[in-house]
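Per-chain residue numbering starts at 1, and chain names A, B, C, D, E and F are given in the order in which the chains are listed.
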Amino acid sequence: MGVVVQTIERADPEIIAELGAAGVATVHEAQGRTGLMSSRMRPIQQDFSVAGSAVTISAPPGDNWMIHVAIEQLRAGDIMVLAPTAPCDMGYFGELLATSAAARGCKAMVIDAGTRDTRELRAMGFGVWSSAVSAQGTVKETVGSVNIPIVCAGAAVNAGDVIIADDDGVCVVRRDKAAAVLEATRKRLAGEADRRARLAAGELGLDIYDMRPRLAQKGLKYV
Amino acid sequence: MGVVVQTIERADPEIIAELGAAGVATVHEAQGRTGLMSSRMRPIQQDFSVAGSAVTISAPPGDNWMIHVAIEQLRAGDIMVLAPTAPCDMGYFGELLATSAAARGCKAMVIDAGTRDTRELRAMGFGVWSSAVSAQGTVKETVGSVNIPIVCAGAAVNAGDVIIADDDGVCVVRRDKAAAVLEATRKRLAGEADRRARLAAGELGLDIYDMRPRLAQKGLKYV
Amino acid sequence: MGVVVQTIERADPEIIAELGAAGVATVHEAQGRTGLMSSRMRPIQQDFSVAGSAVTISAPPGDNWMIHVAIEQLRAGDIMVLAPTAPCDMGYFGELLATSAAARGCKAMVIDAGTRDTRELRAMGFGVWSSAVSAQGTVKETVGSVNIPIVCAGAAVNAGDVIIADDDGVCVVRRDKAAAVLEATRKRLAGEADRRARLAAGELGLDIYDMRPRLAQKGLKYV
Amino acid sequence: MGVVVQTIERADPEIIAELGAAGVATVHEAQGRTGLMSSRMRPIQQDFSVAGSAVTISAPPGDNWMIHVAIEQLRAGDIMVLAPTAPCDMGYFGELLATSAAARGCKAMVIDAGTRDTRELRAMGFGVWSSAVSAQGTVKETVGSVNIPIVCAGAAVNAGDVIIADDDGVCVVRRDKAAAVLEATRKRLAGEADRRARLAAGELGLDIYDMRPRLAQKGLKYV
Amino acid sequence: MGVVVQTIERADPEIIAELGAAGVATVHEAQGRTGLMSSRMRPIQQDFSVAGSAVTISAPPGDNWMIHVAIEQLRAGDIMVLAPTAPCDMGYFGELLATSAAARGCKAMVIDAGTRDTRELRAMGFGVWSSAVSAQGTVKETVGSVNIPIVCAGAAVNAGDVIIADDDGVCVVRRDKAAAVLEATRKRLAGEADRRARLAAGELGLDIYDMRPRLAQKGLKYV
Amino acid sequence: MGVVVQTIERADPEIIAELGAAGVATVHEAQGRTGLMSSRMRPIQQDFSVAGSAVTISAPPGDNWMIHVAIEQLRAGDIMVLAPTAPCDMGYFGELLATSAAARGCKAMVIDAGTRDTRELRAMGFGVWSSAVSAQGTVKETVGSVNIPIVCAGAAVNAGDVIIADDDGVCVVRRDKAAAVLEATRKRLAGEADRRARLAAGELGLDIYDMRPRLAQKGLKYV
């Protein structure tokens, strides 16, 4: 049943970098509020962000064999995205695997399960977003798949999709829409800069967005 | 159904400041162990505390319109306290709203839902206590209310109540009891300083509090 | 029903120290992946670790009386391990109790419940691993036991067992197996150093561990 | 700190009965979608409902002493509503206490904690809505309060408020608004009967509520 | 942003019926252990099962407008599958909507959110699998989409996929694989009947599946 | 690492039966409120109870191989108790394994993980208490152990201990204490019958247990 797809397409590195710089909240908005993983995905580092191309991993609970398989498929700039086939908090990933992945230019791991060696991972600067921290060891007994479509923490991910991750969580941008999402992201950023300046100057959102008539129409009463 | 109460009473700023300096654990004890929000309310900053007057917000799940309405009601030293009408982890609050609130002298947001732009909020020094971190965007479609009595994370909050928040969580002090609670807080702090010194010197709580006879009477056996 | 066992055996301090230096993930592996507490046990400090001998505490929900009793039993290098008799997130432990425990040479508290005064505890360098942070106060009404066998966060703990705690969680090593586990730990560390070097140089785990034939036999297909 | 309020006002029994017959979902809607307890409150019986006047109980975690105190305050038709002062799943309530409460005409217990003897309680026909089922025993050591305002499972409850509970959960109607809410409930029920008939006949909500123009205006596209 | 896909393909009704008769556990196994929704999806009925074609609904938290839109798209034998765009436990669905859906031949609702009127729904024989039961009302303010690909409770679902639901949960079979999965299901059922008879007669799985040599090779020791 | 202990001692069947008849809540109280599993352990049947001797199983997450091994060790009257080595909700156990276990006289399964085929298990009258219901299939790749000491849902269990399970949960009685616990249980039952009669007649617990003086001393105020 296990399959490893060896050839995947990736988005343009410049697009990926610019999406990463915009950040999860902005990109998620720019693409119509889609693609966000569950808020249970938390980073082990603070004030840290990455963006890269997804190498997807479907693995059984408590079995990290497929991470070894996936590492061979990594290219510089990739991010591994692992979804267990059932909820699991065990420590699939740690410093040794990160050393191997980093040797191939991988930037980060996104895993809807546990990670360990978090102190060492922070020291290495290897980004990890996970749903648990746990030292619990895993086995290497059952094959899974690499680079097939998966659902990770509630988000559909295809190999080669763009992954953006920062303090606010993890967002997936479909590879074939990355350029269009970047366009929308740029517009949003431009608008935000203007609004930030007006809000900082004390102008109210009620006025900037002309909300008062609609609030009145909806029946909001001031007493 | 939406109501905005525009005039609220606030506690004396000096009382608020002194309660804040005492901290959540001490104030919560001093007022008879009441007013504490659920432990799911966590700060996005470490080693950070605030105290201020509550501007309350009741909002539907996934709808942050009322934050714009609430910001107009803010005065310097206020803290917004938002309770969704059903559990929700979406990102109601972020950097732009914080910029607007800060422009009116607001210090912090307490929200039993999600927040986003956490890195930027930390950089701004704007305090947030929330039950989730999420980039998920919200809508502006349904009115709620501002400055009505709410239940936030298990605690009843009225507009103008004193909010104390630090690394240990969030505590609500009723406005009309703030002075009395401060009195009790001062006494508690005085007692703590004395006990701290004795405990640091190696004296045991068993002796300081004369616990041994009562433990024996309750049947505790040393073997 | 309450019992305090006053005389317990402890492991050799040098063994404890060396296990602590190896860390939770490595020791847990070395002893056959046993003894790990639940991943809900999180540290209040980052990049921090301790190792010591367990003084066990069984306490009712919301009653921290037995911590006072336990402190009298502490020796330098001990770690308190508290399991409530039912799930509870209240703040059993804070700065004053830590001051008292530290005065006796205790290094840390492991508690499957809440802790408070986290900022002060961090400033003191007193290690705490807990399942919650909460300012909620407890009572002193019902006796429990000290130094009896307990189950804490899913792990069986006997008084005098070795406790290792770091960013990855908390692991228990049975006192009578501590020397043997240390032996296994040393072997594991030696192997890890070699593997780390090879992985950093770009060699693949697939080759180092000779996984390819077994993956093929299990039916993994490359496409 | 414990207080027992001995004299409370209750709503008109006929109003209570009619609200109970309407059911939680309808009454909750009729009073503007307020007063609903958290969905963690589940009944131990199926196809069962009650309505009555709240006798409120604030009790420490794992301490059911106040239920004995509350039982003395019960009158025929009352429902006990217990909120622990911190999250707790212990079995505060079982068959003996229910026997005592039933002897005074009490109909049900609503408790944001655990209950036990569920089989016997079902056999007695004594209604229980709780957030847990647990045999774990509690103590009688710390006083709480009876008939003070509480927050139970996220809802504010005052003594004498009307409690409606059925398979869908638990709803609180403020005593002083019970008559008005009943009026709104009757209107809602009348409308529902008409709509039910039209929907059963195959008419669409899209047409009954004239939703098509507004959907189009909001940009919904049919493809 | 909202889209309603009006024309979808469905699987052969006889295939759907036979998959439904086989049950969730068997079909899930037969298709390689894929397609299962999270175990948080629980039925409101016991000893009840359905199978049908998915009409998918993507809806905002707390907004059930799209159910009205979806009902118009229903054909006899369909099952609605609703995924909110963020976690939500509110009561999107109840007796009136079920009456409307049943009038068009819809058999069931699968919803990763709350349902209400559960007693009435059971009485109607309308199947519901949900992640919560709640009377909490929703609004009709924001458009979503119907019959687009969604992720519901961790499973990817396309409009027209086969949904099987029973006491064990909910499983999705891709429409284009339904015939093949049925073939595999039949084989599995045949094998199960034989094994059931042998196991009931006292033969051991250890022998039927010839497990002893492999257990010995893996190091299992009998003492 | 896997071990199967083939010879275990069991308690006297008459003692087991009488403990079972007394029920979980009573036995748990009689043995000093110890031995109760977590409230997450729920039965798949209502109004159902069993008592028997524990055959313990330690199994990896998502791997049910050891159940086959354990079944060979079963004797009439035994109950299997399975603890996964990390949290897991997968469906380890279903109708085929129950058929095999029942053929050896086993009465029930207690599992801190998932079960499936719940409808068939109810029809068979095979008792199951589990922390989840899930159709998710498991593998048979990694050995675990049978009849070693385990921690299941927070309770320590040794092979041969007495397991009591009913609607209120699961309780473990140590084999070597079973006779003494039965003695205490009988006394408790005798007292309960008397108290039940007095409470049913309207006497108050406040008076039966002479609580009024102690409540007054603790400061309870009637207003």
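Structural remarks
Basically, contacts are C-beta pairs under 8 Å (C-beta built on N, C-alpha and C of every residue); 3 or more make two chains touch, one makes a residue touch a chain.
Since this is a predicted model, take the numbers as computed values, not measurements.
Look at the contact of chain D with chain F and you find different residues on each copy: under half of the numbers used there are shared. Chain A and chain E carry the same sequence, and matching their CA atoms takes a turn of 180 degrees, rounded to a multiple of 5. C-beta contact counts were set side by side for C-D and C-F; C-D has more.
Centre to centre, using the average C-alpha position, chain D and chain E are separated by 31 Å. Chain A and chain D, compared by their mean Cα positions, are separated by 41 Å.
Chain A and chain F have Cα centroids lying 42 Å from one another. Averaged C-alpha coordinates put the centre of chain B at 28 Å from the centre of chain D. Chain B has residues 1, 33, 85, 87, 89, 134, 136, 142 in contact with two or more other chains.
Screening every pair of chains for touch gives A-B, A-C, A-E, A-F, B-C, B-D, B-E, C-D, C-F, D-E, D-F, E-F.
Residue ranges of chain F in contact with chain A, taken from their complex: 60-63, 85-90, 134, 136, 139, 141-142. Residues 1, 32-34, 38, 85, 87, 149, 151, 154-156 of chain C are the ones that touch chain F when the two sit in their complex. Residues 1-6, 65, 68-69, 71-72, 89, 91, 94-97, 99-100, 102-104, 114, 116-119, 122, 132-137, 140, 142-143 of chain B are the ones that touch chain A when the two sit in their complex. Chain contact summary for the complex, chain B toward chain C: residues 23-25, 28-29, 33, 36, 39, 42, 46-47, 166-169, 171, 192, 195-196, 199-202, 204-206, 209, 211, 215, 218-223.
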